[in-house]
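Report on the structure given below.
We call the chains A, B and C, going by the order they appear; numbering starts again at 1 in every chain.
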């Protein structure tokens, strides 16, 4: 039943949300490697060629694995609805660590409470934060993965901190500018409204 | 460009991994509500009807939102890569609340015992159940997330109740039918055994 | 397999329910179908009436009989009358009601397609919607929704399989998160400060109230004794009455004060549903 096997592999590639190897698909489905490869071939043929203009999705080879993803043309919009891989609470804790590093865990507890312990565990599991014993507490820094992840061109904690501080200032300034420009817009809108009767009068 | 809009909405439904409302799609894409609804209609028509046998995916209405998900027939195989989150016991408690809602916590305690307190806490943490103080007890209802989470095409308690009743009766009917068909089999087996010597005799 | 007279009688009875415009030949057709269906699962339904009802629906569902050929209004009235008078196998009844739903669904689909409003006919008298399925399901009997649900191996709710995918977080999001974290941290520190001040005041008040009383010496012992009872309790949750075995005012106060202390020490969680005289529930924390 090759058609049914195509469907099973399709549902797997869809639900995984990450690249899957032939072995992984084989283990989950119990299909033979040949059947898995055939199914992937059929799906790629269908998605990327036959139905190319009738779908926004594609199946591509990523390294030795395969992934179902949104075509490049459509990524910009779809990115906006996708879930971020670090949930907001955890991201806040990560940001605090990155900005205050090297920072004692006990100090962070004073800042945000008991939550810090669980958060640090999770961030360490994600290899984004490193912890070093220091007396009765732990001193936290970001790992080498951190600058890589956020595209920061430095691995030194002090430089990362500085870079982020500058960015925050820039960010705040930019936000402020946007607020101001919005106010400007509403002012100019008000102006347009004022002008429009004149324009009407002119056209009359 | 309705075809391109279909593709954009498709890519959004694919990427979100959670139900999206027409408003959310509208905000992300800048499309008009009418165009968004049209695109969803086209996609549902294509996935769920025209290409029904050529895809393992479907687009369903979940509460008042929409989501792309794996068809039930293929879930079991793909479940291995994305495991279910809620344990059976808790799902049953939730199914009780959803059927009897609005229901007093004290009544549920009579049905399933002390366990209800812990279960309700967990379901509330998952934002699937809402609790409202009512005299000495709490009155429980399902939240708006409930139909979204399970892909139930209604937000009305009566319709949710009917959905659940059908599922339960459906299960009972299926069980009964299996019992009956087993009985039939054993009857027909017995018949075959009885007949076969006769057939043999005739052929002799 | 032979059809018994009862079934034929009941099929003839169905003839009475079928639209008069249909000719007699139809019933012969049904009889033929029934002969075929009789070899199927319907044979194991003992009650002839149920069997006939089953067959009637089976004809619609499996033999593609026109659903409008069964008059549900008169049929349901007859069926309910019978159900009230005699004890009917509820499993079979459930099955029939479920099938009736399906038939009703087919009828309504049919109705939508035809755009012919037969509403008036349906509105008169008794309809399937009047059958109290919800009360049947909400009852406390063996066949209630609750009991059926608890006996099912799988719950009626299934988690659909959706895409488990996430995207990377951007630097901008990290910066915004910092902005929010900074504000939240300020609020947290302020609240924490207030909480500590409150705590000190409360402790001072409690100490001065206890001073000189006989309770002061025994309080720690009392708390330890109650904690011992709670930790030896087989369940993680219990209520006040279970802990306070001796029913005297002194014992109740002793237990109650100890519970408050244990709650303060975060060893237990205390909650009450009916305020102020309802039962007090105790839940142990951080111990197994």
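Annotations for the structure displayed:
Rule of thumb we're sticking to: contacts are C-beta pairs under 8 Å (C-beta built on N, C-alpha and C of every residue); 3 or more make two chains touch, one makes a residue touch a chain.
As the structure is a prediction and not an experimental result, all values here were calculated from the model.
Per-pair counts of C-beta contacts peak for the chains B-C. The central chain of the assembly on a C-alpha centroid basis is B.
Here the spacing of chain B and chain C, counted between their Cα centres, is 15 Å. Our note on geometry: chain A versus chain B, Cα centroid distance of 29 Å, whole angstroms. Chain A and chain C have centres, each the mean of its CA atoms, that are 39 Å apart.
Looking at chain C, residues 161-167 sit in touch with two or more other chains.
Residues of chain B in contact with at least two other chains: 14-18, 70, 74-75, 78, 81-82.
Within the complex formed with chain A, the residues of chain B that make contact are 7-8, 10-12, 14-18, 20, 24-25, 28-29, 55-57, 70-71, 74-75, 77-78, 80-82.
Across the complex, chain C is touched by residues 14-18, 60, 67-70, 72, 74-75, 78-79, 81-82, 84-86, 88, 91-92, 94-96, 98-100, 105-106, 111-112, 114, 117-118, 135-138, 149-151, 161, 164-173, 176-177, 180-181, 183-184 of chain B. Residue ranges on chain C touching chain A, taken from their complex, read 161-182, 184-185, 188-189, 192. By the touch criterion given at the top, residues 40-41, 43-44, 91-92, 94-95, 97-99, 101, 133-134, 137-138, 145-146, 148-150, 152, 154-167, 235, 237, 273-275, 278, 281 of chain C touch chain B in their complex.
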